[in-house]
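Read through the structure below, which is laid out as structure tokens, and then see the notes.
By written order: A, B, C and D. Residues from 1 in each chain.
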């Protein structure tokens, strides 16, 4: 069953990207002051870790929900999926960028937040394109998936792109606010959605 | 069988987190003195490596024991599991913190030990919550799991939280003693437990 | 079914190598000038990331296409596959080499490009050898694979070696041109090929 | 089939450890002299990479050969396997130690080689113990495995321990010779062995 191998490879990339996030957390060696103070000072790194962790976790859950509702995949899905994995595996880098520049103030902080939101936006748009392609005219979906469920899921999945773009605009003004929007979106996706497709592990 | 994918993803995170621990081991370049001496000096790094390795190994074994006894998972299990993976994938960071600050003396050493025990406590409490939620009123357990086995396993799994909290308190006094408690708990879990649920690989 | 375990292990290595590429992306700390400028300056790192990502993605796709058409594997396939994985898991290193030396000018830039193309060439030759060994006299192929499909796939798979060798020669003159050739080859493999074997996920 | 999960987790650790080896390869920034010269100078890093890669690859192959011949695993196998994975996941660290100290001359070079051979010896002894435990009195082996095959495999698997110990002794005299012995042992295991158990992927 070939779809399985695509899922297994994608799961591998999701699991590795989510676990590599920890490498962005530094062990501080403050020249003066206590370690406790230095650890408290790097709270943006923890915030970025949590938001990136939740976001990758959510992509994993939504990815399974989509894959479980496809009868098969074709080369376009294969390539869109590869592009999605490319953005996901990139996430540790803007996470580190945000962790190091948040609260430094000035233009550099906003640049880091913009790159972070930009990578998330590209990821969200790619996910939306994958969903749109697979469901367009019921191209690849299983018979048991109703049109109503497709429509409700489309609203749910397509909301990611615009919200991430909004986070990019907010990044030009406030880096923490931009990060908060992206974290809020992840929490929204964590909540169950009536009528939309769900992770196959849910009853 | 959707439960399998949850296990596979979790296994991936466990396997990566346990293997990333090696990145905290430094190659010393002593300005004076021999390499052998410098390697011997960094024994706290080896101790932290062993304790973290055993702890993740044990979580992996216990996680399988739990999953093998569930008929299905729901969204709450999915989210509790994601939280558990978040703490597990974080472990390499406090491990490195402990490796670098153990035996430096003073408040910083105790801070590092406190963070280490704190991450372990958060992980243990999350695991306990997952178990409690799944077994409460036999919500998700298979028929073959007796109430007696649930009770014996509850005692076994719930002991983790309080012991980790105790390790946090001990960390305020002695970092090595705190690490020893956490290592001792891992060894306790390595021993077979009569009547409690076991890893599915055991006969 | 033993072939499955070989594929699962190979998938693991592909997934990890593709995700480790992100570690070559630096977080710049410019002494003067803006972060935005410093990020723009390191465009060779992004180019190398994209080319390496596409190349590993393509090897993964082609590897599955080959494995799906074998009835079994023998020790020679096992060893050729291990050699292939050795080259694939090495890719993050020449990627970082290229990222850091591209646009520095002079002989060092060309050395980096030569090493990059050389690793790709070794990988391509090993893949070609695996394919040639498995299909030679229809040694290990499934009955459903026609001789015509073998021939068309041979042309497609064997083109990699010479193109990578050409990229090595071009590297002696221009590093960016060498990288462009390797990226172009990855895009060529992304396109569907009439008559050649395809990834099992394709219908 | 619980044995499968043990194999999958072990495969994950093998695949990650073998891929993390690449992180020990540095990108040199020579103060004077060419990059080409600096790359040539770090040949011990390539030698250590190759030997460690082959060794982990061989453990993976032999591990599968053993697992395929067990009817089940018990808690002792589970723990011996965890110990084996602990040594395997440690390998990137002595590999880096060897890469950096080989050819520096003096006692430090021999210390690094001793640590490298010591980790390999511990790994080999653990593997031997796993095999001895599982086959002792045919405790866990499948019926189809003949006593003759067990005996021939025992000779093959048990040779690792003493050879690694010999490499430790040689390390006290010559680091390159010690590394060569370990590499030679990996090549010995790569060759097919008449009558001994084989990787399940082999016909």
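Going forward, a contact is a pair of C-beta atoms (placed from the backbone, for glycine too) under 8 Å apart; a residue touches a chain by one contact, two chains touch by 3 or more.
Not measured: the values here are computed from a predicted model.
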Fewest hops from chain B to chain D - one hop per pair of touching chains: 1
Any chain in contact with chain A as well as chain B: none
In terms of residue numbering, is the interface formed by chain C and chain D classified as same (over half shared) or different (under half shared)? different
List the centre-to-centre spacing of chain A and chain D in whole Å, with centres computed as mean CA coordinates. 37
Using mean C-alpha positions as chain centres, tell me how far chain A is from chain C in Å, no decimals. 26
If a residue has to touch 2 or more other chains to count, which residues of chain B qualify? 8, 12, 16, 20, 23
Report the complete set of touching chain pairs. A-B, A-C, B-D, C-D
Which chain B residues qualify as touching chain A in the complex? 2-3, 5-6, 8-9, 12-13, 16-17, 20, 23, 72-75, 77-79, 82, 85-86, 89-93, 96-97, 100-101, 107-108, 111-112, 115
What residues of chain B sit close enough to touch chain D in their complex? 7-8, 11-12, 14-16, 18-23, 25, 27, 29, 34-36, 39, 49-50, 53-54, 57, 60-61, 64, 68, 190, 192, 198-203
